Amino acid sequence: MKHYLSINDIDSLHDWVDEAITLKKDPYLFESLGKRKTICLLFFNNSLRTRLSTQKAAMHLGMEVMIMNFGNEGWALEYGDGTVMDKGTSEHIKEAAQVVSQYADIVAIRAFASLVDKTKDDAEEVINGFAKYATIPVVNMESSVGHPLQALADAITLKENETKKRPKVVLSWAPHPKALPHAVANSFVQMMKLQDADFVITHPEGYELNPELTQGCQIEYDQDKALENADFVYVKNWSSYSEYGKVLSWDTNWTMTQQKLGQAKFMHCLPVRRNMIVEDAVLDGGQSLVVQQAKNRIFSAQLVLKKILENL
Amino acid sequence: MKHYLSINDIDSLHDWVDEAITLKKDPYLFESLGKRKTICLLFFNNSLRTRLSTQKAAMHLGMEVMIMNFGNEGWALEYGDGTVMDKGTSEHIKEAAQVVSQYADIVAIRAFASLVDKTKDDAEEVINGFAKYATIPVVNMESSVGHPLQALADAITLKENETKKRPKVVLSWAPHPKALPHAVANSFVQMMKLQDADFVITHPEGYELNPELTQGCQIEYDQDKALENADFVYVKNWSSYSEYGKVLSWDTNWTMTQQKLGQAKFMHCLPVRRNMIVEDAVLDGGQSLVVQQAKNRIFSAQLVLKKILENL
Amino acid sequence: MKHYLSINDIDSLHDWVDEAITLKKDPYLFESLGKRKTICLLFFNNSLRTRLSTQKAAMHLGMEVMIMNFGNEGWALEYGDGTVMDKGTSEHIKEAAQVVSQYADIVAIRAFASLVDKTKDDAEEVINGFAKYATIPVVNMESSVGHPLQALADAITLKENETKKRPKVVLSWAPHPKALPHAVANSFVQMMKLQDADFVITHPEGYELNPELTQGCQIEYDQDKALENADFVYVKNWSSYSEYGKVLSWDTNWTMTQQKLGQAKFMHCLPVRRNMIVEDAVLDGGQSLVVQQAKNRIFSAQLVLKKILENL
């Protein structure tokens, strides 16, 4: 593996999850692996968990960490080929990616979907631009279409809480006042396709995810039916993909409640809007795995960095 | 001591000041104490001294430091219980505090008073929210009502410059064009109540601090009278507490001058507006302790972190 | 050398360049030199290369790095003597510089020209203010009139690519839609005056740099003539100095092309606007040294820090 851009860059999810759980038991075991190695975290968007957990993961491996908010600390980047740069952008991705490669051994990038231009978002110009022009490995800290560090953390959390061989896992859409990207849902779906599980996606009509990603997945528009006998319920909002970036519904009948949840474990990537996505009772109760998911973000990132460092 | 939220979390100010002065002589003596320990500094407001001195203190103890500006790098936090989060806030303090606790061993927080809503400010929702929901120790880097790292640094500075057993210390209000919080003055008052000193507070009428804090303190509205035979004069602006957050006076008769200061030492927490709070001659003269106070911010923070680390 | 404010603070450019090239071969050789030493990087303006390369240089030397964006994280600074600070500025450079000196062993500062007030820009109030009032060494990370870390990196790059004893080096102005400072061009000129080279400056009339700096330099208004038999072409935009900060021309006849470049090596400090400053073919071809220049920023900074540390 050179880059970690998508959950599909993992050769064996099963082995990776096992290795991450082992890392978690002794986080500093590979402290010398990253000695004199530097990771540069570049943020084009806000971050709490990703920023702190990736930084922590790098520290566990003995790496140096350099962090930049590209938006307000760096230069506006140009991605077009052959552009005459006489407008707002002052540096081309070609130079930026090569330059960062001189100063770091790994670069990790967060650049959300615009939710305005579907073609551009699907092309993932920021992360793919870095992957194309950087001469060092690139890690995806949430791109326009995927959040594979989150999905790996979710796989770890599923494994840690599994009580049967083939659990039922439901990805359930929830309402949200603002248009949100599809990245977390996409990567969760891709990850679940690598699992031996009874996996169901439920959402209102019009909220179908990119059909290329959900191909072969069970989609159920009736939330109650989808939730029957669930072992894990992963709740998440996303905006419409077909009517790209639109909020079509704000129907709080889709809000997750303790009653709907039943005996299942509750999962969410955070940040979560209480009493919109899920009612307080769920988050404050014993079935919520959200804090454990957040903790596992460290070991998800740490495993990815370890794999890359071993390969440098 | 679990958290350091207020100067009253100190069991013996006398012993702490002595220990801080000892630390100052050999700052790296406890360099191994913080090995593999991480402190996360979260800023909801600007900072120069607090940011750099707390970072330096943590480095002296061998800790890793993670810094975040919550305002523009993180998510808008919700503090209300039971709120339906369908507006501007995207993450609840309950999750934020628990999540940060997964990534750090200590969290330090700066969140100024709004000076708009007295009840909210007095409730200190940010720092108290973290103290309530975090599972790790919380350090106050200036909250809406207190700045106990500053007050401890001030106690160290007083001790280093003391020439008599029971010095006269005057807290003197000064004019300022903008409304400022009460935090520094409050913590200074609380700290002085733990000292054996002749302590006087002087300010124009209408500028009384929270009476619960100043209970038992001598308040003198005549600045000249208050300053008579002072050994230390701590000058500071704050806005009105009774007419909450209002600037009632901008009377430059209250500006500290070399003449008024006499033989006393001058103290201020910085940043200081020259020729509003105090005239140039004082800051540029030999009686000013402001740079020494700034330096002592390191050892104030270092002692607090040391106490917490020893207790982890 | 106490401070590194200008290329003229270098005692022997020849020796420095040789030493930097040696450092580059074994970047961690002096890793213990900076142990327990702290550098504080203060940014009043955006930065990518300077921020990351200076941070990397300090890490190579084993230093601790503290980074602050003064604009949005700190306080607005006052530079005037005797000012009554009743307006927008809340801290005087006198205090800020002294305070930062308590927390770090070296302070590095970036503060661009305003391009509005020539007298103020020429006085370099920010960097000179720090140099005057700080009690620790100050490093220039680009001030209003100079960028000596860039110029030293350029000298290293010239040396690494030199094929004859006395190369012809051309500094060629290029068009740009926005008004840019003179700092890079100024320091390049000052550095070239210390070199044994055939040095020519070319630009449209009205774009003369500060005549005090270019005194003794060959200025040629005909770009074609200037470029004849060039070995190195350093392309850069700057705004007018005589009509201070104005964009007088946007003439793309001055854009560097592969044809004009001939056999010469191409240099630019980056960020560079493609197809305004220089056409794609040059940057994507084999004669461009821009990435090597960016890499050499590490060793330029590292040598400066090493010299300062050895002198502490």
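Lettered A, B and C in written order, each chain numbered from 1.
The definition used in the following text is that a residue touches a chain if its C-beta (ideal position, glycine included) is under 8 Å from a C-beta of that chain, and two chains touch if they have at least 3 such contacts.
Everything numeric in this text was worked out from a predicted model, so none of it was measured.
Chemist: Call it same or different for subunit B and subunit C: same when shared residue numbers make up over half of all numbers used at their interface.
Modeler: different
Chemist: Can you give the rotation angle that fits subunit A onto its twin subunit C by Cα atoms, in degrees and rounded to the nearest 5?
Modeler: Best-fit rotation on C-alpha atoms: 120 degrees.
Chemist: How far is the middle of subunit B from the middle of subunit C, if each middle is the mean of its Cα atoms, in Å?
Modeler: 39
Chemist: Which subunit B residues sit where two or more other chains touch them?
Modeler: 72
Chemist: Please give the residue numbers of subunit B that touch subunit A in the complex, ascending.
Modeler: That would be residues 36, 38, 40, 64, 66, 68, 72-75, 78, 82-87, 89-92, 94-96, 98-100, 102-104 of subunit B.
Chemist: Show which residues of subunit C lie in contact with subunit A when the two form their complex.
Modeler: 28, 43, 46-49, 51-53, 55-56, 59, 69, 72, 177, 270-276, 280, 283-284, 290-291, 294-295, 298
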